[in-house]
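The structure under discussion is supplied below as structure tokens; questions concerning it will follow.
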Amino acid sequence: MQRIGVFVCWCGSNIAGTVDVHTVAEALKSEPGVVFSTDYQYMCSQAGQDIIKNAIKEHNLTGIVVCSCSPRMHEATFRKTAAAAGINPYMVEIANIREQCSWVHKDMQTGTEKAIILGKAAVAKVNLNTPLTPGESPVTKRALVIGGGIAGIQTALDIADAGFPVDIVETKPTIGGKMAQLDKTFPTLDCAACILTPKMVDVAQNENIRIFSYSEVQEIKGFVGNFDVTIKKRARFVKEEICTGCGACVEKCPMKKIPNEFNLGMDNRHAIYIPFAQAVPKVATIDPNACNMLKKGKCGICSKVCSAGAIDYTQKDEFISEKYGAIVVATGFNPISMEKFDEYAYSQSKDVITSLEFERLTNAAGPTAGKLLRPSDLKHPHTIVFVQCVGSRCAACAEKGKEYCSKICCMYTAKHAMLVRDKYPDTEVYVFYIDVRTPGKNFDEFYRRAVEEYGVKYVKGMVGKVTPEGDKLKVQASDLIANKQLHIDADLVVLAAAIEPDKSARPLATMLTASMDTNDFFTEAHPKLRPVESPTAGVFLSGACQGPKDIPETVSQASAAASKVIGLLVKDKLTGNPCVASPNELMCNGCSTCERVCPYGAITYEDKEFMMPDRSKAIRRVAQVNPAVCQGCGACTVACMSGAMDLRGFMGSQIIAEVDAICK
Amino acid sequence: MHNDNTRLTQEIIRASGVNPSKCMKCGKCSATCPAYDEMEYHPHQFVYMVESGDLEPLMNSKSLYKCLSCFACIDRCPRGVEPAKLVEAVRFAVIRQQGADHMTPDDVPAKLNEDIPQQAIVSAFRKYRK
Amino acid sequence: MQVNEYKPLIVAFCCNWCSYAGADLAGNNRLAYPADVKIIRVPCSCRVNPMFILRAFQRGADGVIICGCHPGDCHYTSGNYYTRRRMALLFSMLDYLGIERERTRLEWVSAAEGAKFAATMNDFVEKVTALGENKRLEDLRCKR
Amino acid sequence: MRKFSLSVLSEVFAEIAKNATLYIPATDNAGGAKFTKWAEGVEYLETLNTVKSPKDFFFPHTEDLMEFKVTGKNIELFDIREESEDFVVFGVRACDVKSFDILDRVFLVDPVDTYYASRREHGVIISLACTRPAETCFCGTFDIDPATPAGDISAWKTEDSIYLEANTAKGEALLAKLDVLTEECDTEAVETQQEKIRKIMDKLPLKDLTTDSFGGGKTLDLFNSEKWAELSESCLGCGTCTFVCPTCQCYDIKDFNTGNGVIRYRCWDSCMFSEFTKMAHGNSRLSQLERFRQRFMHKLVYYPENNEGIFSCVGCGRCLSKCPISMNIVKVMKALGGEK
Amino acid sequence: MQKITRDVLVNKAVSLLEAGEVKAVLGWGKGEFSYDVTPTVFESADELRENFVWNDFCGANFSKYLVSKTRKIQGKILVFLKPCDTYSFNQLLTEHRFDREKVYAVGVPCEGMADIAKVKALAGDGISAIDFTDAGLVVTTLYDDEPKTITYADALAERCVNCKSKKHVAYDELLGESGEVLESARFDEVEKIEAMTADERFAFWQGELSRCIRCNACRDVCPACTCEKCVFDNPNSGAENKAPATSFEEQMFHIIRAFHVAGRCTDCGECSRVCPQNIPLHLLNRKFIRDIDNFYGEYQAGAEVGSRAPLVDYNLDDLEASDVFDRRDTE
């Protein structure tokens, strides 16, 4: 049994005006465990706190009940007071007799009666309180960034600038991501490469950053501050540290009909290749599915021409284990497959392309060296039809499109249309839209310029079908405002395909125990207030893996995530919240139910040997809660049928005691 | 847009199982419709007119019978609105009215034609009368 | 005729982050609701075990209301979604056993909704008062 | 011997119910029978066995013993005893009647269980000869004659009449009150019925079950038998056998805090439960095997050892028909050598 | 009558036992009468040949025994599983309650099991023999000279009348053929109760639950109830209770029991089968199953290993608790 002191605050007349504080203090005296009870004008004042401190010493109190304002107001204050007087701060409970009593009730008698009941409930709870100590765990001062697009690059640079080592894991042979494939960027029309590649170089040169390109994350264990990650560095058959990126091997490679992924298959590359001129790391990679030497053991030309001796056909996948304090997910996006949208004849005509393909077609480093030529016959297209919302806002069928708005298409389509009209004023450009969405700095102005200055024909309505006929694409569409069906003979049709999270995100989320929404976008810890953190502690989100984003947004989120990571890594130790779940292993049956409801992945299982009630020994699977990860919501405690899982600070027995006290 | 067709509108919505308020006015149904040129009111207008309860002009329009029920609009609609089902429901609403048969036995001989299978005419007759 | 002096006993479980703060806001704005409502603070509505609810009824509560963050706003991201399923099923089961369905309620009250909190409590107390004493889920021993 | 015609059955019940609460077998609305408080409209149910035995009347499933309130250092005690009502139980079979003897030997020896004693004092048992034993019946094994049931009054029911014979003073007093409704008669009809019942007894499948291998002094022979492991192998540890058993008498005393005071009550316990006899030091029988063995050793060895060889089983067969896994005392006895 | 014969089962078990593939066999053991079958662990071929039973009274679901038996027995255990048992089997695996590697599961087809109470109601008490013939159960009693024939349909247990599936969802080996998931009328009774007024429902359940003697058989037999320690046995849980002293405690036990298995209950019907008081406990479980199906989409616990039970899952647009009743009332 505790020795409890009860302190009833008047809060001037705020409480005392509607609650007879003396009566409350008097009534609570006879509650079990209460050895001291008093009231005072302002408990939170220095003098009030001194009353508490003195009473703790004088009466050897082990538990404190303060009947006062909301715990959201002064719980922390009174916990400090208790700690200062030498008792555990978690032995303090607050009875909220101001916000939830004196301020909402008018009548003195009712107010007093209710205050007594609330006080009794607090006493009943304190009787079952136990001293709690927050756990501490060390922090590994290194961050992992998964994904080397602009989001990953920016995050890594910011973290590295703060002096912490960062590793970037990128599946492609080079960092740069989607932005490296873009031509110009809206709304300023500066060239993507001009602003991105310097950053890529910064990454390469930053002493704090290591790049694991052509690599992927294999396994993640641990928790915030203490992740153990295994990275699989795929064999590229070129010694990265020796290769100078001179390109001699590429020139001589006889296998030169391999579709070039970087140009979305619109031209070819060699079996040994460097994705693009400014690649980082600028080293060659051999495609094992295309290389004759690797497939049949015949050829070996690249090895012969490499003066640095960097070619190594025997290279194996390498596994690197590293510890990290924080992990940033920056896995980005991809346009969805156009397979299910055959009304646009994407599979039937080379001249029906996606916007990303269009970017490559207009890019100086692209397959047409920047000249806008249509893929089928390399002729200049005179009539171009852009179709927006292809697969976006599509609620009809989950397998076909995406219910959400992909957000970036309106702006890049305006950009494309504008650029075409700028370079080739003889071209007729139609944009079919459902809505044009341009919230953003200088965005709407940009779109209006496309219409007003460049004469792009924006038509409200969708394209119903595209039929290749001769060298033309017959486009049948609606003009809803004119209430007409339009028939356009186009040379090129550009589809603004919806974007979706990269396929690697789902397995990664499982490894991280980070939650995802139904579209496989990572869920943020709070949609408004913690938008760059995952609910899983120590996991942060950067860029389009969290939701569709344009470049400025991506970069701001990337920097925000970096600052969150820095905030974590500067700490030497993490102090947890002691009000966390804890399992009673003797009662736990290892059923995994609690693990399934834990939003933080704080619960794992261990096989342990137990003496069973019948004296036999058995190895049983039991739950383990990582107190550094648990946030104390209590979802697991109710999911647990046997009641093996309890929540410190809000134990089942404590809540039941409160219920009993209230219902007495 | 207010009118007294609320009950009938509800009935059409219920009978068709279509929720016209899902429509986001993209016009893909009309863009895709092979009978567009024959119609006075086009599929997207159909949806909108049912949604707003503007049924009378619709029920009096020949457009109703121009729909081929090819279901291209259903297939292509990004929101799963299914305009063709609405058209069908409106057609039945018309037929259910007294004396509103679209085809009567007297119409049949005139339609007989070597290029059209008789069975098609018979089923059209069956379908478009009470 | 005697004046009906019946006062129900209402237990309200409020999540710390939204509804408890909403109740505080009702206080700040002096929005009155009956003193029959007694609030128990829990970290999240998902901490509320059906056994707590039954316990309250056993001990003499006439109504039990659970308040949590609006769906999507849970401080712990998903706690209230579990609550929603658990309570939907529990309430349905209580109804199936013939317990008056108005005695239990689940409401979403945000930290900004002081007015909603007060209005909800006023309404709930009114409904429970109309039902009268809880006879179907009571434990007579607790009323001796 | 006295008799009354079945046509006046409800008058007889009404007469009895004038001075005492009367319980008769009636339907439990779920295919079984239970002793139900008689009132106008409650139909007497011709049945062999009630699901629960009439043990409840003397030793209720739960029974409040006292109440107390603690305020500061004061304890206030309240007497809340309720067992002073006169009652009559009609239609108790021979086996169940016998079970009261067994319970008496536990509750009425020093120190006397006053709650039980008081209920025994206030209760009158009218037994009824059993005309239709089931295949699960083996009262004969314990020398119980279903044709001659004991009790305060023994009764026999034929096609048209009920015959009554008082065995105790309480029984005679009750019978005297029924004078108007009953008439004196000879024993011929009863004897014919007894003859018939005994013939059926010879046909019962369990008629050869004997207690020869059991009884006081057999502890060492049986306690360590290897058979226990096999017999208890699939026992679920539920309390069905115990709670339908007319002779099981274990109980637990518990406190219930109502918020305004504490009610001290007792309720049946089952040796099959994992918490059975759990004490401050822990639990004395940790495995289901031990708990299972306890039940049968108690009935077949320990109890007779302390009670002049009387077994604490009456062969009513309830556990045979109710055990979820069909493991029961008959199978145990046979496995341990109890068949002729 | 069961189509597959006892011999097929015994031969299978004997051959695996003798080949050393399995160390023990979990099967139905012979009783005193024709109908009282005991779940038995057989460790020798002789025991199997002598005591193994397969007939229309082999209702017991062995899945739960695997939790304790796999811990106890070294080596593999052969277990015979009827279609409905396989669902429990999977559910236990989903919850990691036993090591799959230690079990050799043999699926046996089931034509539905008989309910001895139904047989007794039709043939009377004092059953001295039951023969399983093509025409039905031929029941001989102590009191009738002529045996009575009861068709299998008339003797069929309620849970089998409303059999949800003849399909084996888990096995290492299947004897005979697996069937299909069935359309059953298993929710009809639930709907009937739902259609009552609140007062009628209350009266109905008071009548049923008041018979409860808290023997815990329903819990102890339930394959979903495998807690190391049940809340009702744990003095610290706030719910511990040995006997229902008041009607509240009857309700409490049954509400919480059903709630704890909600979304996990495969509807095997063992609870109602073993209840000595014939309380229709399955109607509580089925209420949850039906609600879950209606509110969150059809879900069959145990249909596959590893599926996410409805109570540990959610959708952003789940039904609100307040809409539970509106939904029903507008029907």
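To keep things simple, chains are lettered A, B, C, D and E as they appear, and every chain counts its residues starting from 1.
Note that a contact is a pair of C-beta atoms (placed from the backbone, for glycine too) under 8 Å apart; a residue touches a chain by one contact, two chains touch by 3 or more.
Treat the numbers as computed from the prediction; the structure is a model and nothing was measured.
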| task | Determine the shortest chain-contact distance, in steps, between subunit C and subunit E. | result | 1
| field | Relative to subunit B, chain with the most remote C-alpha centre | value | D
| field | Comparison of A-D and A-C (more C-beta pairs in contact) | value | A-C
| request: Work out the mean Cα position per chain and let me know which chain is farthest from subunit A. | output: D
| request: Determine the centre-to-centre distance between subunit D and subunit E, using the mean Cα coordinates as centres, and give it in whole Å. | output: 30
| remark: Chain-centre distance (mean CA atoms) for subunit B and subunit D, in whole Å, is 78
| field | Distance from the mean Cα position of subunit C to that of subunit B, given in whole angstrom | value | 51
| message | Could you work out how far the Cα centre of subunit A sits from that of subunit E, in whole Å? | response | 45
| field | Multi-chain contact sites of subunit D, meaning residues that touch two or more partners | value | 256, 259-260, 274
| message | Using the touch definition from the top, which residues of subunit E touch two or more other chains? | response | 231, 237-238, 245, 311-313, 316
| message | Please output the residue numbers of subunit B that touch at least 2 other chains, ranges allowed. | response | none
| message | With touch defined as at the top, which chains are paired up in contact here? | response | A-B, A-C, A-D, A-E, C-D, C-E, D-E
| query | Taking the complex as given, what residues does subunit D use to touch subunit E? | reply | 28-32, 34, 48, 51-52, 61-62, 132-136, 200, 203-206, 233-234, 236-240, 242-244, 252, 254, 256, 265, 267-270, 273-275, 320, 322, 324-327, 330-331, 334
| query | Hey, which residues of subunit D end up touching subunit A in the complex? | reply | 71-72, 257, 259-260, 274, 283, 286-289
| task | Report the residues of subunit B in contact with subunit A in the complex, numbered from low to high. | result | 22, 24-33, 36-37, 42, 44-45, 72, 76-81
| request: Flag every residue of subunit C that touches subunit E in the complex, lowest number first. | output: 50-51, 54-55, 57-58, 71-72, 78, 81-82, 84-101, 105-107, 136-141
| field | subunit E - residues contacting subunit A, complex | value | 71-72, 94-97, 226-231, 234, 236-238, 260, 308-309, 311-313, 316
